[in-house]
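Listed below are the structures to be examined.
Shared chain: chain A. Partners: chain B in the first complex, chain C in the second.
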Partner chain A sequence: MQRYFKTIRLFWSTAFASQLEYQLNFLIELLAMLGTLLGSVFILSLFFTGGRQLGDWTWESALVIQGVYTFLDGLTNALLRPNLTEIVNYVREGTLDYVLLKPIDSQFWLSVKKFSFAGLPEIILGLSIVFWAAIQSGSTFSLHSLFVFIISLLIGFIILYSVWFLIAASSIWFVKTWNATEVLRALLAAGRYPISAYPVILRFIFTLVLPVAFLTTFPAEAILGELTFNILFFGLILSSLFFTFSRLFWKFALKHYTSASS
Partner chain B sequence: MRIFGLSFKVVKTLLTTQYAYMLEYRIEIALWALSGVLPFIMFSLWSQNDVGNSFGLNDIGLARYFLSAFLVRQFSVVWVVFSFEEDSLSGRLSPYLLQPLHPLLRYVAAHLAEQATRLPFAIAIAITFFILNPSSFWLPSLPQFFLAYLSTHFAFTIAFLLQSLVAALCFWTEKSSALERLIFVPYLFLSGLLVPLSAFPSNVLKVAMLTPFPFLINFPAKILSGMPVDIFNGFLAQILWISILVPSVNILWKLGVKRYTAMGA
Partner chain C sequence: MHNNPSDLIVVDQLSKYYRVANKQPGFKGTLKHFFDRKTYDVPAVTDISFKISPGEVVGFLGANGAGKTTLLKMMCGLIHPSTGLVDVGGFSPQRRQTAFLKEITLVMGQKQQLIWDLPPMDSLYVNAAVYGLSDHEAKVRINELAEMLELGDELTRPVRKLSLGQRMKSEILASLLHKPSVLFLDEPTLGLDVNAQARVRSFLSEYNKRTGATILLTSHYMADITALCPRVICIHKGKLFYDGDLDSLANSLSPSREVKVELKNPCPSEQFKKYGDIQDLNDRFVCLLVSRDKLTDVVSNLLTDFDIIDLEISDPPIDQLIGELFIRGEVN
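So, the complex of A and B:
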């Protein structure tokens, strides 16, 4: 276990050093992030024109969801995207062989090798929006609601990671640099809005098939003190299922890995 | 007959080889087509929450607009900067530069071939949409279809030129695809992919119309879905943007090639 922590520390400190070379990237990411946030809040505001509500959510509480989305998006940009979109390149160039030969879990290696520090501002900003908007909508924090919030964020992140990893692992079969993760990103954008704002069929899909609801809506409900224990419990089970499945799928995919040009 | 200074034979060869190449990646292209579902997600939100009326669209109007937006996006998607960056970093650009063919034209051919490969998937998605929303079914009139087709091609041209501008920066920086995000963000919110621009407050709309983005999705989608639209001024704006961007790309490209250091060679 300690070996894994040490590996992460080494990975991320080298990542930090190599990224200092591209300082302009930080600035670009920052601008892109602010633009995205401004744009999504603007689009969100269009739903509330004329005193309407969005699926029983008030303006302030809908902003909490935007905050959670921004936070997870930051984590995606910092950790998931840099690592998991690389898998397809390893497969294509045959360098996955070297990863598999290393005396460390290959899924672990592939998932944490890089860390993009340009995602950090987004993570911090996302959390700030969550707390600011939660206060605006009259939420009083308690130790209990904070605890439930952290657990539900964890559930959300594990599901997000597992789905990303599943898609990235499928690149063992589908080799193309413009990868399937784009489909996922498009679908996950649904998480910018509360799940109750969608038609019934989509609500069902976004809760059970592609659990977008667990990524943003439920953590937002948690910090607002509205999340029921049943959903939290169900989320714990669902996230462990997703994670287990991602591991099993990776083992299965590796059986089909034939290395490049062989 | 010469097209972009190329003989017909060269054009035909470029397109057929690129098409054959794209056919190899049918599943990936189907996934790409699927990744354009965002307009449908937004459609379900706008119609579920009865917001359409506030900008003068009933459910059928909304459905038609967003299906049109989806289709226009399918045939105006541009990825030249990503291909170009890869070719530039891996040194594949060097032989391309030696050939008596502008490298950008090779990418144009690749995009057109990819659009042809996309066509069946886009049609399948459109049919699925009509099965789920039968009341929204419509067929545009022939002139409508022709104008929408033309403006979608113009939209593709503008998007391609914009991204080529960023791609040309590859000659200066190794990571120009990061800069593409700075185009993508305003594109996402101002193009009309998420909401018809008529929903915008008038002052935001005025600013948006000064950018090329509304003419990439909103304008062609409005023609295709049969919404009232100022056709003359729309085309005028599209042509204006193209005539600004063509020389800009040309100049930046020429400056860039002078700096080219043949990475990886």
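So, the complex of A and C:
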């Protein structure tokens, strides 16, 4: 376990060093990140000037959802995108061979090798919005609600990661970069708004089929102290299922890779 | 099969087939391919058996596509065999257990694992962490290997700024950090210039002597094989057709010797026909291919029949022999 932590530390410090290697590129990335941030803030400001009700959510509590969305989007930019879109290159260039011969879990390696620091400000902004909006909507934090919030964020992240990893792992068969990223971002973007703002059928789909609700709505409810234990429990089971399935699928994909590659 | 404890690697009746779909050209072919896919098996490696003892240096020879890389990858666990058995130090490679992975390493001449934008040193410490080496152990190990490989401040320069030779040496360093006892090298000198090739070669031979590590190597460069591998395994079209020492391969490949003669006066070619195959005739220089059993007679006859300044007997170059061998496809 300690070996894995040390490996992550070195992965990320080398990732940081690689990003600093090209000064101009790093500056551009910072600017791009600033642009994304301004975009998010602009969309948020639209919420303030409106006057409508979204589902049964007040403005402040809907803002919490925006915060969770911004947080997850930051995490996506920092961790999921740099790593999972790289898998196809490992397959195409054959360097997956090196990863497979390392005495370390290959899914772990492929999932955490890189970390894009340009995603960090978005993560911090997201969390700030969550707490600010939660206070505005009159929520009083307790240790209990914070704990449930962290667990439900984890559930959301694991589900998002697992779906993305599944799609990325399929590049073992379709050795081709295809834009699965956009599909997933659209999925995540659907979580910008409270799940109850959608029609009943979509609400059902977003909870059970494509668990968008678990990404943003439920963590927001958690910090507002409204999440029921049943949903949390269901989320824990669902996320474990998704994660287990992603591991099994990876093992299956590798079996195919190792019996077909040359 | 009884495994002798002195065998480190046992390969027994190993085969690998790749399933390939056969698609006819054109739209009709595409439709047919979609609905009624015809597949057939292409053999990459067929029924190969051999054993390797600890500390051996073995070269795998074969033309492109002969099955060398497939064989190597089956031995390090990257490809599952279709039938047959591989055993490396008591492990089944395809299971890729941690204890097995810590004992082996793979170097591929045409693929790199070092992080392109950073100095090799950064990648080395990542590898050290992955293998669970402490910083101190890693440092000692890096210094030791860097000295053997004659690498100095190259290790703190970005990989993209290194020459191919320096990069390859750094790659080798990275893959030897964890003191593996079995080295799989797939074309480790590919694309290197003659000097860099020689340095990699002398390093490998030195490493083998110092650590007693077993080295399995494929290479296109005959010089790699002749310099490093007392034993060679030749593969042609997926089949093993020679396993033994390099010298007797040369003997069995070529029952002839080259006899080069420098004459005092030029002679017409007809006069040499009865002695052997004329390879080259140029003014006063003649090169003949003479079968070994006639060699002494021919040489003494030549010496009596002509005024000879110099006479030299040699084996034809081994790479030329191997080349002919692959065209013929069998050992005489």
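Assume the second predicted complex is superposed on the first by the 225 of 262 C-alpha atoms of A that agree within 3 Å, B and C clash if a C-alpha of one lies under 4 Å from a C-alpha of the other, contacts with A are read in each partner's own complex, and residues count from 1 in each chain.
As a convention for this text, a contact is a pair of C-beta atoms (placed from the backbone, for glycine too) under 8 Å apart; a residue touches a chain by one contact, two chains touch by 3 or more.
Predicted model only: the values in this text are computed from it and were never measured.
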item	value
Chain B versus chain C as contact partner of A:Y193, first or second or both or neither	first
Touched partner set for A:G39, first chain B, second chain C, both or neither	first
Touching partner for A:Y22 - first (chain B), second (chain C), both, neither	both
Which superposed partner A:F174 touches (first chain B, second chain C, both, neither)	first
When both partners are placed on the shared chain, which of chain B and chain C touches more of chain A	B
Shared contact residues on chain A - chain B and chain C	22
Chain B residues touching chain A - in the complex, by the definition given at the top	25, 27-28, 31-32, 34-38, 41, 44-45, 47-51, 54, 79, 82, 86, 173-175, 178-179, 181-182, 184-186, 188-189, 194-195, 199-200, 204
Touching residues on chain A, where the partner in the complex is chain C	3, 6-7, 9-11, 14, 17-18, 21-22, 93-95, 97-98, 100-104, 109, 255, 258-262
Residue ranges of chain C in contact with chain A within the complex	18-19, 44, 69-70, 73, 76-80, 94, 96, 98, 101-102, 104-106, 108, 111-113, 115, 117-118, 122-123, 125-127, 129-132, 158
Footprint of chain B on chain A - complex, ascending	22, 24-25, 28-29, 31-32, 35-36, 39-40, 42-43, 46-47, 49-50, 52, 54-55, 174, 176-180, 182-183, 185-187, 189-190, 193, 197-199, 202
